[in-house]
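Chains: A, B, C, D and E, in written order; residue numbering restarts at 1 for each.
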Amino acid sequence: YSGAMDGKEVLVVATTTSLEDTGLLEEIEAAFEAKYPNIDMQVISGGTGIAIEYGKNGDVDIILVHDKTREEELIEDGIGTKRNPFAYNYFYIVGPSSDPAGIKGMDASEAFEKIQEEGEKDPEAVEFISRGDDSGTHSREKKIWKAAGLDYNNTVQNAPWYVESGKGMGDTLTIADEKQAYTISDSGTFLAFKDKISLEALITESPDLLNVYSAIPMNPDKVPTTNNDAANKLVEFLLSSEGQKIIAEFGVEEYGQNLFTALNGGPEPTALFSSFLVGQSELAA
Amino acid sequence: MYLLEIENLNKKYGSKTILEDINLKVKTGINMGLIGPTGCGKTTLLRLIDLLETPSSGKIIFEGHEISPKKGNLHIRRRMGMVFQKPLAFKGTVYDNVAYGLNIRGYDKEYIQNKVYQNLELLGMEDYAHQNAGSLSGGESQRMALARVLVTEPDLLLLDEPTSNLDPLSREKIESLILHLKKEKDTTIIMTTHDLIQGQRLSDEIAILNQKIFQIGKPEDVFRKPKNQFVADFVGVKNVIKGQAKKDQEGLTIIKSGNIDIYSSKQAEGDIFVSIRPEDISLSWDKVKTSSLNELKGKVVEIIDDGALIHLKIDAGSELFTVYMTRKSFLDMKINIGSELWMEFKATAVHLFQ
Amino acid sequence: MLSPVIDGIYQAINLIITLDPEMVEITLRTLYISLSSTLVATLIGVPLGGLIHFKAFKGKRGLINMIQTLYSVPTVLVGLFVFLLLSRSGIFGGFNLLFTPTGMVIGQSVLILPLLVGFTINSLSGVQKNIEDLALSLGASDFQTIYTIMKEARYALIGAIILGFGRAISEVGVALLIGGNIRGFTRVITTTISLETSKGNIALSIALGIILLVIALIINLILNYIQEK
Amino acid sequence: MLSPVIDGIYQAINLIITLDPEMVEITLRTLYISLSSTLVATLIGVPLGGLIHFKAFKGKRGLINMIQTLYSVPTVLVGLFVFLLLSRSGIFGGFNLLFTPTGMVIGQSVLILPLLVGFTINSLSGVQKNIEDLALSLGASDFQTIYTIMKEARYALIGAIILGFGRAISEVGVALLIGGNIRGFTRVITTTISLETSKGNIALSIALGIILLVIALIINLILNYIQEK
Amino acid sequence: MYLLEIENLNKKYGSKTILEDINLKVKTGINMGLIGPTGCGKTTLLRLIDLLETPSSGKIIFEGHEISPKKGNLHIRRRMGMVFQKPLAFKGTVYDNVAYGLNIRGYDKEYIQNKVYQNLELLGMEDYAHQNAGSLSGGESQRMALARVLVTEPDLLLLDEPTSNLDPLSREKIESLILHLKKEKDTTIIMTTHDLIQGQRLSDEIAILNQKIFQIGKPEDVFRKPKNQFVADFVGVKNVIKGQAKKDQEGLTIIKSGNIDIYSSKQAEGDIFVSIRPEDISLSWDKVKTSSLNELKGKVVEIIDDGALIHLKIDAGSELFTVYMTRKSFLDMKINIGSELWMEFKATAVHLFQ
């Protein structure tokens, strides 16, 4: 493998949109490239699905995603070498400040239940916008519906109050704002959009809203074209105190709060799904 | 009553003057011939009349009302029709082309069909109705174009060289058609032609154009009595001689040019042009007693067989004369290059112009 | 590794044969929206192009340059612009057209209008000036003359309409921003392709693309048939 | 609420005046990629269109229909297709063209090739058949004849090239899938607009769109100038 | 040596036969005139020769080698040149158009400029060099087209009605140019024309075409001795009478038709056509002693003044005769409608054909 440009080694990184759109990766890239002047880090952002597809084809060397279930499948298939959680934050359940379903203060699954209830009563007043794109956020949303005891495929998906946007987080927030509807968003994207929309984060800290980002280098045995060496260097960098410091401080200046929480060498935080059964893979973690 | 009047019309393209101070009055039912050298502005004049071109200045008056290519002239345009010099056709069949004028006037289908076939037949084009109009030969295109305009029965028909691509037989047919239109339908026609004989044969009036109008009048006048050198040259008046005219006895004029004296029955004085039509000159081997006042001796320097006539060029010293004679007389007289002969012509056959 | 293509072809055939109901719904919506916007843009663009072609006025060359420049307008930009107009807080917010098929028709019409105007002008320029004279001389009104010239240029005009339709049916920027890709309501083939691609379902995306092309082929055959008549 | 538009115009002017270095870089890359793909597609498409126009063969009508159908190909589909070819596990994977500007040029060339072929045919059809005869009769070789006819059709041909350029510079599907929107390497104006839109920076997106249009206008003026010569 | 030979050439469009079994041999330096009614295939034949059209069958042989519109004929095509019947021009100026043939042959700029201006001058078009070729008048286009082809100095020049849009003076100029080309440059020319007189004047050989070739030969033969009815009608041979020929005394033939007997000095028997040229008939009030064997009485039923000649139609019972005479004799004899006159013509003036 030789993807050298200007004599530089190329490290291609596929990432979910939230990491790129918030601008976090831009800072990480700058610092990483400063540390390894011989490596050209190239970031490709897209949905979780296409990022994994890139990884399988050997088009990228490492992926940064936030969908534990699929991450573990990838490891199981031997395509990824290891999950390396490097940051987390929370998903927010957001909605109009008038909160027509009255979910403020509830935990996530209660809130979803309430939204369903009120939505059935008056689909004009209470709507929920889903990304519906099999992204990490969408996966999490589905899990919460399940946790709320609802049959996603039959009760939720075809309900008149449930709208699938089939789009990225930013666009989905825009649609929710236009329609004055509820949705679930990763905190980073929401904070970045906060000024542009009138929606409010109604639920922010429920344990089942935990959102863990991890880095998975591609397995050089399965994907022979990959630049595993540089990928491992990036993992190393992300987990290093230097990398963790960037993550911890990112966004403080612009949004007045950090968008991501660094792990700082600590263990991966586990979602505390208290009131429901979690999936097999979730338990295994 | 004039159908069409043109007053002080000028047309320029950029700084190039094409038409200058054109004045023309065309009576209803008249056939006006427009004749002039290539590029003299004939097509431009027809296009101006047909409202396809905007005059630089001047007026075009149709039935007493000034018309212009601006809006609101549809009813006038629908009373005129033009056959263009360059072959032009809409995509589609000959039928489609000929039916066009009727279609846009909203006639019903049956009427259109009758009318189209009637006119195609008139022009011997009925077998071509379903042929692609673009594949017609030169002459066929011209006939189609005529049919296309005739179906609309225009009051004013503008024909730009309508027979230039036709063989003699087809040409004759179109000519009788034109005469018929004029007679039976009282159609007013303005046509250009390069065929001077056709112009003479078909026109009630002829205008000789070359940027300006140089002469306008009955064909016999224009062709036999050109008003100026340009017209004389152009209509192919032969035996044009420049001389000084002086009064002679008995109301005759004597014109002197080099070693030649010519008598004319017309009155004139001073510098003048003389012309004698080649067929008005008789030839004989000997000077004969005759009532012809003019008798000049000359030598045959050129003999051309034109098919219909024999053209002789006879050198009379300071002038070269052209004489036409039938093949029969030519053979009977046993004329040959070098023959010295006497030319005779009457004083009434001598035309004078400036 | 072109297997997703083969897989895609297989899936496309399967979706067509089984008349997958969601697929049928999306296809019909796609057709409705792109045909409507093509129609709207044609009805506005062709006469407008005709007007520009036939009128002589100052700045005509410049106007045509502007129109041609709009061939380069990214669909997202049109999407954004129309979005701002139709948005709740926009000028036409009151009509509630955002995230509706009607809104998409408006957006796509705006998108393809420059193409139709520009290529109408191009098509008409291909007709000899003489044909105009011929029509006028045979007594055609201004309107009839324009109609005649358009008929002469119909091969190229149909080409322009096919182009406009192609742009409408294939674009995704307007469809996403104005339509919102809402399942069961504004989701069309291209937005579905985008979605499936972001999900990594490449074969399905290709299958959808193939279906879109089949539809386009049928529409083109119909338009060409009209032209040849 | 059109204030983002006004804000966008303001930002656009600002970006242009200050010659914002990232903006300059992205703009130059955009120009390089879209001009290159227009050039490639023109060099292939115009002769190919000429060939199809001048050769009489069976199935010509059908071929033209196929080409016109490809006007409807969604950029994402082309993106996917070329992606599968250029992917490291694809047939041309060995060239490492995925996520490179060169790969984007290939993808965009593929995308606009049908437009150039189709509209070359359209343009040439506008030239009277007689002109071909005239050229041949005056002793032109086949190649010279084709060149002559293209010169006669240059107004329409330039229109086709402007169209191709417009499609290349404004498309985003290929740029995203093949380019990957890599900052500093494959990011172009349209992918930046997409990114900024998804970030909610509407005014900035509009500013970028305006800059793109300004570039397109300049290119069109140059092309039209060439045509008039 | 023949420059061009055509063997058994056929051309169909769809099921419509345009040309049938054409055989033609054209010697180097010859001027061959192609004459025939509109739509008879003249243009098609020229286009076939110029390799613009593919024959349905048959051969075209240039300097002994068969040629066809397929590939690899560039060197032959560059030795031919054609002036089209319909006006055609590339976009651009007159100069651009005329320079085209030289540009594609790769001549240097200076040579091209000299050559172009030289030919424009030859055709009186030098002032138009920078005018847009599309804005030329009909006649100007035709002259430009001629200049455009002459700059390439073709060995074989194909002219399709090259003077149909020209006025008489310009036509005369072009005609002398054509004669000059033939004489000085040994250019072989095939030209079509509807002007029969022009055809006669310019051609060494004339072919009468109407799908097939009906007659081919020297102009005087074709025009004076038509081989068949079609040619006779077409070239405007007048006084064609159908009759039965029988031998008479002294090597003469007597032809009976209705109440008319005509003597001819030519030999024939059975059904036959007779023609007498209108200018070969003399008129007199009384039956006169004469060497003319044929004397027929008739009544004047029509008088047409053709400009150059007076045309009379004389009814002789079962036949209507056309007679031409000069205006002078006409006036001298005081002929009028209804005049009963004697027509006389020699037995040698009676032409016989099938």
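Odds and ends about this structure:
Everything that follows uses one rule, which is that a residue touches a chain if its C-beta (ideal position, glycine included) is under 8 Å from a C-beta of that chain, and two chains touch if they have at least 3 such contacts.
Keep in mind the model is a prediction, meaning the values are calculated, not measured.
Note on connectivity: the fewest chain-to-chain touch steps from chain B to chain D number 2.
Among the inter-chain contacts, the highest number of C-beta pairs connects C-D. Look at the CA centroids: the one farthest from the centroid of chain E belongs to A. Centre-to-centre spacing of chain A and chain C amounts to 36 Å, using the average Cα coordinate of each chain.
Rounded to a whole number, the gap between the C-alpha centres of chain C and chain E is 58 angstrom. Centroids built from CA atoms put chain D at 18 Å from chain C.
Multi-chain contact residues of chain B, defined as those touching 2 or more other chains: 86.
Among the residues of chain C, those touching two or more other chains are numbered 1, 87, 177, 194, 197, 202.
Shared interface positions of chain A, defined as residues touching 2 or more other chains, are 46, 57, 168, 171.
Inter-chain contacts, as defined above, occur between A-C, A-D, B-C, B-E, C-D, D-E. If you check the complex, the residues on chain D that touch chain E are 128, 130-131, 133-142, 144, 148, 151-152.
Residue ranges of chain A in contact with chain D, taken from their complex: 2-3, 5, 12, 17, 20-21, 26, 29, 40, 42-46, 57-59, 168-171, 173-174, 192-193, 196-197, 225.
Chain contact summary for the complex, chain E toward chain D: residues 47, 50-52, 71, 74, 77-78, 80-82, 84, 86, 88, 90-91, 100-101, 104-105, 148-149, 152.
Of all residues in chain D, only 1-2, 4-5, 61, 65-66, 68-77, 80-81, 83-85, 87, 89-91, 115, 118-119, 122-123, 125-126, 128, 155-156, 159, 162-163, 165-167, 169-173, 177, 189-190, 193-194, 197, 202, 205-206, 209, 212-213, 215-217, 220-221, 224 touch chain C in the complex they form. Taken together, the chain B residues at the contact with chain E in this complex read 13, 35-39, 42-43, 85-87, 135-140, 142-143, 160-161, 164-171, 194, 196-197, 200-201, 223, 233-234, 236, 277, 279-280, 282, 306-309, 324-328, 349.
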